[in-house]
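Handing you this structure, nothing more for now.
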Amino acid sequence: MRAEPNLHSPGALQAARYAQVRAQTLALAAPLSEADCQVQSMPDTSPTKWHLAHVTWFFETFVLERFERHFRPHHPAFRVLFNSYYNGVGEQHPRPQRGLITRPTLAEVKAYRVAVDERVLALLTRDVPAELAWLVELGLHHEQQHQELLLTDVLHLLSCNPLAPVYRAPWPLAPVSPVPLSWLPSAGGLVQVGHDGQGFAFDNEGPRHLHWLQPHALANRLTTHGEWADFMADGGYRDPRWWLAAGWDWVRSGGIQAPLYWQRQAEGDWCSFTLHGLVAIDPHTPITHISLYEADAYARWASAQWGLPLRLPTEFEWEHAAARLGAAALEAGNFVESQALHPMPVAQAEDDLLQVYGDVWEWTGSSYAAYPGYRSADGAVGEYNGKFMVDQTVLRGGSCATPRSHIRASYRNFFPAGTRWQFNGLRLACDAAG
Amino acid sequence: MRAEPNLHSPGALQAARYAQVRAQTLALAAPLSEADCQVQSMPDTSPTKWHLAHVTWFFETFVLERFERHFRPHHPAFRVLFNSYYNGVGEQHPRPQRGLITRPTLAEVKAYRVAVDERVLALLTRDVPAELAWLVELGLHHEQQHQELLLTDVLHLLSCNPLAPVYRAPWPLAPVSPVPLSWLPSAGGLVQVGHDGQGFAFDNEGPRHLHWLQPHALANRLTTHGEWADFMADGGYRDPRWWLAAGWDWVRSGGIQAPLYWQRQAEGDWCSFTLHGLVAIDPHTPITHISLYEADAYARWASAQWGLPLRLPTEFEWEHAAARLGAAALEAGNFVESQALHPMPVAQAEDDLLQVYGDVWEWTGSSYAAYPGYRSADGAVGEYNGKFMVDQTVLRGGSCATPRSHIRASYRNFFPAGTRWQFNGLRLACDAAG
Amino acid sequence: MRAEPNLHSPGALQAARYAQVRAQTLALAAPLSEADCQVQSMPDTSPTKWHLAHVTWFFETFVLERFERHFRPHHPAFRVLFNSYYNGVGEQHPRPQRGLITRPTLAEVKAYRVAVDERVLALLTRDVPAELAWLVELGLHHEQQHQELLLTDVLHLLSCNPLAPVYRAPWPLAPVSPVPLSWLPSAGGLVQVGHDGQGFAFDNEGPRHLHWLQPHALANRLTTHGEWADFMADGGYRDPRWWLAAGWDWVRSGGIQAPLYWQRQAEGDWCSFTLHGLVAIDPHTPITHISLYEADAYARWASAQWGLPLRLPTEFEWEHAAARLGAAALEAGNFVESQALHPMPVAQAEDDLLQVYGDVWEWTGSSYAAYPGYRSADGAVGEYNGKFMVDQTVLRGGSCATPRSHIRASYRNFFPAGTRWQFNGLRLACDAAG
Amino acid sequence: MRAEPNLHSPGALQAARYAQVRAQTLALAAPLSEADCQVQSMPDTSPTKWHLAHVTWFFETFVLERFERHFRPHHPAFRVLFNSYYNGVGEQHPRPQRGLITRPTLAEVKAYRVAVDERVLALLTRDVPAELAWLVELGLHHEQQHQELLLTDVLHLLSCNPLAPVYRAPWPLAPVSPVPLSWLPSAGGLVQVGHDGQGFAFDNEGPRHLHWLQPHALANRLTTHGEWADFMADGGYRDPRWWLAAGWDWVRSGGIQAPLYWQRQAEGDWCSFTLHGLVAIDPHTPITHISLYEADAYARWASAQWGLPLRLPTEFEWEHAAARLGAAALEAGNFVESQALHPMPVAQAEDDLLQVYGDVWEWTGSSYAAYPGYRSADGAVGEYNGKFMVDQTVLRGGSCATPRSHIRASYRNFFPAGTRWQFNGLRLACDAAG
């Protein structure tokens, strides 16, 4: 007689988590029309429908194809159509043309999700080999990344519409008392960085290794819209002294005068387009939708303004501080679960680092590079992270669009220096007096 | 006592025609999903939803705003959003970004149609001044132009999808006996060209004027896919002798090897993507989806091949011949009403010109220019045709995607020389022996 | 005993003309440094050194290779290097990279000229077959075209230099009394146009043929800088009403605010860069360095301004008028021989058309197209004119940079609508009252 | 009575070095024609004439203007014309248009050099303040950088000419015995890196700081053309497994099949364009003219091929090894003084690292970033290095086009990942067994 499945088996736990993550993706798409789900507003973004299909393709390709006894594809054309960038799997539909694929319909893509879900869950009711469990976990973290992208891509799409449509109402802001900027020093020294092997991590978070940190200090909180307004009022976008050469070229060729999604109203005030529609600029919320160039220019401007050797933190300064804070800081973060969908002001002052997790991804001064001894995995799945290790900059900490369970101290996000459609912001760092 | 409306009054006739044309636009969109209606596949095309809204905007802007006593716009933002190119009306939403406007939804656009229809029809139940009648007629002809564009734009969109979706099934082709090419001479001389003032015409069709025609001959039928295959087999796309300089640049920079929508199958045969999906090349159907460059190159190649002074006809050679044929030729044409949605082979040989109307727009050797004495209308509506009179080439005769009631002998279509997504083909002309 | 060459033989006459034209090219290059002769300032222009070599290549390829008994190329690589666009001769060095060829040196190119001159002149001392005479004549007219291009290309190159170098000093302007604009009517009717076969003509000037002209009038003189200043002061470059759609796109994407080479001085006045360096705008000199878009916009603006149905003349209206004027008008023209190198004001009023020849090429409203019955010559030399007959507009009359002996009433110049670096201007035409 | 200048004073020493460096620049330009000195073959390169002027501008702007009592500029326009990228000095002539400035002539630029030399040398005969000495030294190192660029830019220019002109003849290669690849281990640990303050260094070489090195090994010599041929023969350029994502895009969009300057001969063999003209590929010379993408792909391919964890060295692994080798290694390097002007094969095997200095710049795996505590200098001269610290990769060791006195262990060169026109090559590194 066949035993009842043990609901508390690792497979059952993972199945429950699988169901939860998969449902959350659909929930994020729920406020959107079929047309909203179809359109790709720039080559960097993807249609919601494509996100829904691609994360499913990931499970089909890396889990079902590997572990189902008599694997047959759901639809033979999907292998190419919903492959993002895995050359090891084969050809890919050209990225800038993802929005042209009006068929399969949204309903057909949802049916694809249902079919793959059934097949994955069927695998998880049996003995779950470690490799299968790891690939399912990878697929769930992959899907969480696309949940965040779904939101940032929808924000970009809606921002292109002069009618300024609202993804979710209303705007949740409540008045707060501003928290003054202060500096939390670190002595530095030889520290361990990288993932310690407990729980899931992407391959690019390891190997854990030694790193020498200089003495430095970190700002207690994120840079705010109010501080950014000072930078703008002082002509920050018009003065080449503050800018990297590539940043200055970017400002001039793009006619950049403010963060992405800022619009100047007829009467001269700035407002910002958000997932809650057009809103006034709140001075106490963290600045967001800025490029590395802008973050770096701000740090140089603030250095001159305040007479301090300010800069962006390195990714290891950030990680060392975050690792010290532990789980409570993660719990306190403004993640997607808060439904704010926008960075929020600090609720109250404390004597330690604030807003380390959530709100905005923090630009660091670190290029995205392999850790010593890093090797990407064999096969197509090894293309996940390793092949992007050039001309990208590391961001840390997650944002208001990130699922909380997706983030940890060793987590490394990365984007090109000009990226603004993500919830990217900054925290200042300061060299220690020599 | 209020009189019953006279169903045979000009207003009532126009109202009936209005209702019929407006309904036909919706009928053409019926097979499409909301996503199909949303996407713009290249800057030259527009989304179906945009077509549905823009033609409505045309009536709202040029009819309601002018003739309604207490005009109020249906939605203030639509004035910009659905303005195509009328600077006299004001700003326009950027053309390449028409596909990004996911709101208003398709349902809202359909409601916009209903609302405007009611208001236009209300105007037509009263005394209809001549200017109103003319503007409504202009709006209907405008809508018919967009009916054709809707089909060609959907064809382009679906062609971008590797799943090769079908707009309408099945492919209607029946076997025919090929009709040999022959030549119908014209003595030329001083002829009248341009619209004679009977019935509706666009401003660019007049003034009617004298033109001196050289003696010449026209091919009895359109050039076919089979003849095109000979051109290709003889290396036509690889030999600069046949090409205009700009055409040769176009061939080389675009890697052009065949008409648009042709795909070579694994086994080497060519097939073509149509509104009926992928179909085999039929040798007797008229060639279509070619640029002026290709049409001109074919004529030069055929000249050398056959030892005849061949070329494209001038628009006046074509018009003079078409005007002579009269209404029966128009009746015989393969227009959108036949539901073939593809050029069709000649059914049977005759002693006169065949396929003059319908099937494919015929590239001429004439640049699109003002007729002597042409003045565009005052105001924004004067931007309809006149401002495009440079670097475009005239096509004549209508296509399988054109409504029959939209076409006449004096009708001038025009597109840039590289245009291929329209149903464009060719008929050869021959200089008379000196 | 061998007879003395007859100095008055056609060959000797042609040899003398050959020597004169060839020497004139070198004279035009004389004020230039080796570096000036090397650089290509945009893809449309060519380096002086390339012009010097290419016109020589023309004689080598189309004359020596065809008529020398034991032809050997001067340098085997020159066949590709100095071929402009003759596919029938073979590959061509890419046009935008002409300026990168620093070797052969200028001295080597001059030696190439000397060597080819000796060989051509040797052919002309013998019996000269008609084909040889015609090809030499073609080569000389070809060289004259490049003499004009040499000047316009040098003007463009020097205009890119903030030091504003002078090609030839001083500026020759003397004060004049302005001549009022008046209109010279023509009854039109069935007229002959095209070259009549007397003397040399390019193939695109024939066949001579009948053309029906509408009644019209032509302006007595060219449009002036002063009139252009009125257009600008009235916001001509900022009002879409005056512009072709393609012209308005061109204005906006290029940020066009004035004719080419105009610069606004610190104090607000405009000046213009010329072959004499920077000079003040003289109100009575003909406007020049304008595109077809600008010429057309000016005509529409002037129509509205003056309440007249103004437009650009057709090329046949121009030719019909010029042919009537005869040789005296040609003699009166301001051509390169005057050494003004800039359009000049009308010296005195007359009762007939002024400035028909020389000063500036006059934009017409005619697209460049084949005349009825036109066939290009066989072989590579047939690529001279025929393959450019699409998307170009005809200009008539020659300019201050054209050699006088190069021009005639039937001469057709042609350029794309946006061309400004040539000495292009305009004369208005007016529809006759109906 | 005024004392005789002390020839051994620091000022006199620097004056002698000044004269030597300045003369060397002219010597490098000596084989070039005026036209060769004028042309800019791509936006990344500059004309020789511009190099000659810009390095002079550097002394004029940063030395004379700062230290001359009654400074007057040599020519007021040169301040803009020959400013490269110093926003603090003011506007700059647009970089891609440097080749259009045919005036000042080459002779005038040489006169500019003479005039500035006299004025700088006059300053050096007096008391030389430390800041002046430092700025002169900076100017000399700056000029040495441009000496190298002059050569690489001329190589690029000549490579664009199908006549394959020779900068210097003959090709100096003598047969050698190949040296097998071997690995030199390093234990790593906490090491000091960065300039130690002895002698001149650029600001980006400091501050000297601690860095933790993992155990690793470095290849004894540079990767050779013969090894590269193996990579190509194995389909290296066609297999995405070896490439960074950005590298694979670069390969495909650029149609890259071989290092820059390689040409396949009619018979299938590869040759390479060099400053000695076209030469056969020598298997034992170090590979050069490769991008970071190619260097990285080669390391991945070699890893798979040889079963070793190969990669590019970090800049600190390289520096740590080079610092250990000391001055003899620098003396042994193939620098510009050898006049080889091409990387050369290893003359004989040794038990230590070979070819550390000279031959080719070695791509590292390190992004170009600020060292901890780095601050750029105040004022315009602070723009020298600091503003480029994003999206560039560090190269180390100097090349066959570098002056020997310009290089040291701490020297950091940097270029974007796709750069190939410099003498860029690679040395492999290997992770130590765990």
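Letters A, B, C and D mark the chains in the order given here, with residues in each chain numbered from 1 onward.
Just so it is clear, a residue touches a chain if its C-beta (ideal position, glycine included) is under 8 Å from a C-beta of that chain, and two chains touch if they have at least 3 such contacts.
Worth saying up front: this structure is predicted, and the values here are computed from it rather than measured.
*Asks:* Out of curiosity, which chains are bumping into both chain C and chain D?
*Replies:* Joint contacts: the list comes back empty.
*Asks:* Quick check for the class: compute each chain's Cα centroid; which one is farthest from the centroid of chain A?
*Replies:* Checked the centroid distances; the maximum from chain A is C.
*Asks:* Chain A to chain C: how many Å between their CA centres?
*Replies:* Computed from C-alpha means, the inter-chain centre distance equals 60 Å.
*Asks:* Need the CA-centroid distance for the pair chain B / chain C, whole Å please.
*Replies:* 38
*Asks:* Report the inter-centroid distance (CA atoms only) between chain A and chain B in whole Å.
*Replies:* 47
*Asks:* Hey, what residues on chain B touch two or more of the other chains?
*Replies:* none
*Asks:* If I apply the definition of touch given earlier, which pairs of chains qualify?
*Replies:* Every pair of chains meeting the touch criterion: A-B, A-D, B-C, C-D.
*Asks:* Which residues, counting only chain C, touch chain B once they are in their complex?
*Replies:* Result: residues 85, 87-88, 190, 209-212, 214, 240-241, 243-248, 292-293, 296, 309, 311, 365-367, 369-370, 372-373, 375, 383, 387-391, 393, 416-417, 431, 434 of chain C touch chain B.
*Asks:* Which positions of chain D touch chain C when the two form their complex?
*Replies:* Listed in rising order, the residues are 33-39, 41, 49, 77, 80-81, 93, 97, 99-106, 157-158, 160-163, 165.
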